[in-house]
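Just below is one structure, and these are the notes that go with it.
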Amino acid sequence: MKKRILLVFMLVILSVFVFANGAKEEPAASTETVQSSFQVTEWEIPFLNCLTGPIASIGEYLEWGAERAAWEINQAGGINGVPVKVTGIDTAMSPETGTVEMAKLAKNALVVMGPVPEPVILAAVPIAVRAGLYSFTATTSYEYAAKFFPWAISWFSPTEEKLPPVVTAWAKKNPDMKNVVQFVENYGAWPGMAKAHEIGLEKAGVTVLNQVDVPSDAVTFGPLVVKALSQNPDGIVFAANAEKVAKLILELQSRGWEDNSKLLVFSSADDGALYTTGGDNLNGVMIYNYVDPDLDTQRWKEFRAAFKADHDGMEPFSLSPNYYDAVYMIKRAIEETGITGDPAMLKEERIKIRDYCNNIQNFEGLMFNWSNKDGVPQDKPLFLFKIENGKKVLVEKVVPSNK
Amino acid sequence: MEIFIAQIINGISLGSIYVLLVTGFNLLLLVAMIIHFSFPIVVVLSMYVSWIVLGLTGNNIFLGVIAGIVSAILINIITAPMFQHIMKKRGDVDINSTMVLSMGIGMIITDFLSHSVNSGFPIAFPDNLTGRNLGAFFQIGMISISRGDMISLSMGIVFVLGLFWILYKTRAGRAFRAIAEDPAGAKLVGIPILKTGLQSYAMTGVLGGVSAVSIAILLGSASPGLGDQLGHKVLAVSIIAGLGNLKGGLIIGILLGILEALVQGYWSGTWSNSIAFVVMLLAILIKPKGIFGIKL
Amino acid sequence: MSLPLYYFLAITAVYILMTWALYLPYRVAHLHFIVVANMAISGYFGGYAAINWNWPFLLILAVGLILGAVVAFIVSIAIGDAPTFAVVIVGFTFIYITKTVIENWEALGSTMGMFGIPMVNHVLLVAYLFVLVTGFFIYRFDNSRLGRAASAIFVNRELATSFGVNTKHLGMFLQTWAGAIGGATGVLYAFIMNSLFPDFFTFHIIGITMTMLFLGGYTTMWGPLLAAPVLWGLPLLLPQEVASWKMIIYGVLLIVILLVRPEGAITRQVAARVRSIVLRR
Amino acid sequence: MNRQNETILKVDDVYLSYGHVEALKGVSLEVKRGEIVVLVGANGAGKTSIMESILGVYQSRKGTVTFKDKNVTNLSADKIVRKGIYLVPEGRGVFASMTVIDNLLLGAHHNLKNAKAKLTYVYDLFPILSERRNQIAGTLSGGERQMLAIARALMSNPEMIMVDEPSIGLAPKIVSDIFKILKELNKEGYSILLSEQNVYKALKLSHRGYVLETGKVVLTGTSEELLINPEIRKAYLGA
Amino acid sequence: MLKIQDVSKHFGGLKALNKVGFTIEEGRVHGIIGPNGSGKTTLFNCITGLLPLTGGQIFLDGNEITGFKPSVIANMGIRRTFQSGKLVPSLTVIENVMSGIYDFQKTDIRDTFFRLPFKKSKKEAELREKSLSILKMVDMDKAADRWASDLVWAERQFVQIARAAVSNPKILLLDEPASGMGPVETEQVGYLIGKLKLRGITPVVVSHDMKMLMNVAEWVTVLNFGAKICEGTPETVQNDPKVLEAYLGDE
């Protein structure tokens, strides 16, 4: 009796394996290129996002940007007259959840936004790549998108080529600055960005001192600041998370640092935590980013006002416009390439979107127009700001030249 | 030399946070036989409560501090009986289970904070609490002690000393220690177990609340992950010093702070955790019962 | 089989194996978190060997397993018979060291993570064969004199020695075995995800596997086996609004089970009852 | 002392079980004011159980306990201690990690008002404790610990002291000292309920005795009667 | 068979055992008595290697075993029971008894791990049979498949004895086997000790229950204050004035 039960059990398991082997690659939709008469009732754009866990707040801002774009598009009549809907899917910080959710989308989704946090990008995008699904993943760093070219798009230009000019511009604003030290937190692409900063500094003829590593679970910052100050720097660059940057600046000031304009904060630290933690002590600190909050266009003003209304008067988070733009980019791709949403033509239509977006020309972004080349934005400007009373005041706009 | 002195002072400032937390941890262990792995997370929760009340009352420091302390007491009184339920048999296995229970509580609090308060962003305490606007108390070059540091340090010292006084010099403290050593025996000398137990939870709660306020002043801000960052080290400090050894916790806590400051200052920040843990690992392999001996 | 199911099953296998890796040393009351470090070491080794040396998957799996076993064995010489707290601290230490080394090692992708670990066929098959073999060995272990001796150590070390059990040898054996499972699971994980990120191998996985172990029950291997798919699968099925409170739900469940049924949902008694019901029919 | 015949403690038909083991099966006894009463019996006969159930340590007991004409059956241990009964537990039961003076003050936990006076009183009685007042109790010798335990009992101002097996593991000389002290205390007016395996010594000290066997009283009488009763020897040596 | 020679064990200043020496002869039921705190359990812990000796030597069959690891001593044929009757609650009665036979070095890896799913282990079956027979001896064979956590106190003691006896040790140290038992069960324990002797196991019994002990023991050693004060047959011991003094006090 026992034997028979075990035998059944083994059979079940064996059959699982047999299926498992057959099913690794999803059979793609048929490749016939007949003109379809299929009519979609709703464009559904899934958004793998991080809505819970330690960076849930950021995820909410991203989602807000995408929802805003969808709302605007629907107000204006939708995509080809069909409404669009952004469906948020929570992966938290968990790569495992990310893989399963991405695998669910691999079969039917036309295009996917996200995933957002780096661990999930690493785990889930390979699935999209294998399934031939284009993902609007790499909103932050070029490095991740480059690994998955042509199936992922970057919102940033190549770090080592495009980032240095803005740092050089900052250095040139302070001609008496000779020695600069950099605080670097070892996380994700940040060490790479720190390297780009160094290139920019060297170009400006500034000596780069030994960098100070910021532990990702640092609680107090005195030792790090003393280590930096002991090298007698006259300028400091920060490549660490927002809260830590704010605390480092406070600590520097308590040890006699006076000239805030010689402090430069990198773009990834430009989020709410920087301002809530730093408060008025940040006045005069320089920061660079891809978004100019005081841009004088109707579209941006409305976006900004709506964001503030929904977030207790907080300034838009710098990444929110990215997913706003992503939805519009998808809209344009669908309209321009005549995508039908027909499940039978899924494979080519996915490729159509991919090829269109990777080399989109003159895209009307929320803040400025740009063109893509091989999935990478060209001529995207960087802005250097001075922080004043929790607001960024534009100091200089830097447009990295094309090679 | 200036740098070295500055780093030592930095280390003491970090160490004082460990000391506050480790004292609370050890106290829970002493008066209730609880291994509260997540005690630092509970302290962070109290910091959040304090922050919320500060926001609601227009930065009324008095109410903020009171809220922090009261919330810590409440959390303790609610959670301690759960631990004691598990510790009924007082076996080694039960102590392991209290660690797991504590981890569960930590999971809930951390996730709740990152979900719900201030959209998960770090919270910053107002300047009139942290004393940041008061400027430095003492500063020569890189050696700097802010007024806020001084306030929180002296508050911490006063409370830890007060705690020692309560524990070793008062009637209630005697009763707490008696219950901790031998609950059955304590019953025989006429100590009302339930009432005294509640008092002892309340006392550890007060310490938790004071720690919350002190850390708020020292750090000026808090984030949902703060408790986790501190938790492992606090556990390690307590184990290295000898579980439940209050004086040992004081010394090892400060030493760990100094060690970390020196590693960060003279070598590498990214390695500071690993180095600290390796040193502690060596200590525990040489002296499995802790350097100062287990006191339960 | 559909792709989501494929990933669900593959990751279920990883969780089952990791929870078993935690389960084995806990048979002698050791919470041995070093298995997470083993997972990272062998996983990164596997990824590196596959990308740079083109080693075949099965060879990497074998080497990863041995690597895990060797690391755990060397450590176990010092802590085979140590008190639980010491074991916990040693585990934390190794996790911190491993993470720091990976984050500073450019060849392993440092903080960017490791990309492009090749896709190989039959990973799921191999993973479940490994689950089956491991499960079989654990089953044999639990129902052997070694397993009974471990149960005795769990209750009281002196008691166990009075039967002639060398508590240190048994502790070393279980820690090494758990290390081997951790190492092999790391390799499997690397080849399932095709990428590695240093943050994964930290307290995130400890929290989940501990919940699985204690909710499922730590007195029998069936506890982790059932808890892993349920705890990992249910949030995927639940509506978004509920699933986003996953960690809080885990925490509450953990507390409730510790208060109400400290040995976990599936105890040996339950397992025996189920077996007798099944066999009677 | 002139109320010699007043019953201070009355235990009526008490049952007690620990889980599966029945420790007491209907025990009745009484202690009169100013008396030393001894409980005699082999280990496991239920001597400690009687004392613990008088004090209400276990809520699972059945029967009634009356102290000074008040029913105290349903009171918790700490309340009964306040009424004036104090147990000096077997194996001394001092708090080993605390100092001598802390241990003494714990005895006066619920009544610290006259602690100073009481301290002088017990230091007079046990000069050795005065010398060692700041020493950790764990470092005391067995005899000193026993003295500390008795002194701690006196700190609580009891009317009746129950002493459980005071002579365990003590050298005969020290046992004699302890017994002398008990005798003195009795003369000062304390009623004493004693459980003791050193039967002859205990019976010589006491006024009356109860012989217990497996949770029941099998024999009772004045000490003189019991001393010559051969049953006693049987209860201990099984012969 | 077991020779204890001048064994001392001091805890700090406390002399728990002071130069105790006696011999346990094969096949003779040996009783050890003494008032509370006289060092009986400490002596057991010293013999089984749980506590290192302060002084003295212990010989088993003429070979010195002083300082051996407890597990080694147990495997050399000295087993013991515990006062508190520690069973493993998550195992069944028979599994508890089976756990009494263990030797890591001699564990058959092939039999344990590399046995086909449907192949019954001969060794396990043997072990089970052995355990059943010993359970029958303590009259607990009907409870073989019950969970140890469900047993009552006396049953636990019996299972504990069976567990210690299943490996057929040379010497079985019984620590208070009758504690907390009623008269009927105590009588059973006495009867059981006789049966152990018949199996070729030499029982050494520590008990407060004089009635039982004097009935079963053939030789009695009396300890007081960590020292041996007398030994001999039960009759001599019972009439020895020193024993009377130790138990009843000086007259």
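When the chains are written out, they are named A, B, C, D and E in that same order, and each has its own residue count from 1.
Basically, contacts are C-beta pairs under 8 Å (C-beta built on N, C-alpha and C of every residue); 3 or more make two chains touch, one makes a residue touch a chain.
This is a predicted model, so every value here is computed, not measured.
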Required minimum of steps from chain B to chain D, each step between chains that touch: 1
Set of chains adjacent to chain B and to chain C: A
Far-end chain from chain D, centres as C-alpha averages: A
Chain of greatest Cα-centre distance to chain B: E
D-E or A-C, whichever has more C-beta pairs in contact: A-C
Interchain centroid distance [CA atoms averaged], chain B/chain E, Å: 48
Rounded Å distance, chain C centre to chain D centre (Cα mean): 55
Chain A-chain B separation of Cα centroids, rounded to whole Å: 37
Mean-CA-position distance for chain E and chain C (Å): 39
Shared-contact residues (touching 2 or more other chains) in chain E: 117
In chain A, residues with contacts to at least two other chains: 52-53, 186
Multi-chain contact residues (two or more partners), chain C: 103-104, 154-155, 244-245, 247
Sites on chain C touched by chain E in the complex: 136-137, 140-141, 143-146, 148-149, 151-152, 154-156, 158-159, 161-167, 169-170, 173, 219, 263, 267-269, 272
Of chain D, residues touching chain E in the complex: 19-22, 42-44, 141-142, 165, 168-169, 171-172, 197-202, 214, 232-233, 236-239
For the chain E and chain C complex, residues of the former touching the latter: 48-50, 69-72, 74-75, 79-80, 82, 86, 88-92, 95-96, 98-104, 107, 112-113, 115, 117, 124, 127, 147, 163-164, 167
Partner chain B, residues of chain C touching it in the complex: 29, 31, 78-79, 82-86, 88-90, 92-93, 96-97, 100-101, 103-104, 154-155, 203, 207, 210-211, 214, 244-245, 247-248, 250-252, 254-255, 258-259, 262
Touching residues on chain B, where the partner in the complex is chain A: 3, 6-7, 9-11, 13-14, 17, 111, 114-115, 118-124, 127, 132, 136, 139, 141-142, 144, 146, 218-221, 223-226, 229-230, 260-262, 264-266, 268-273
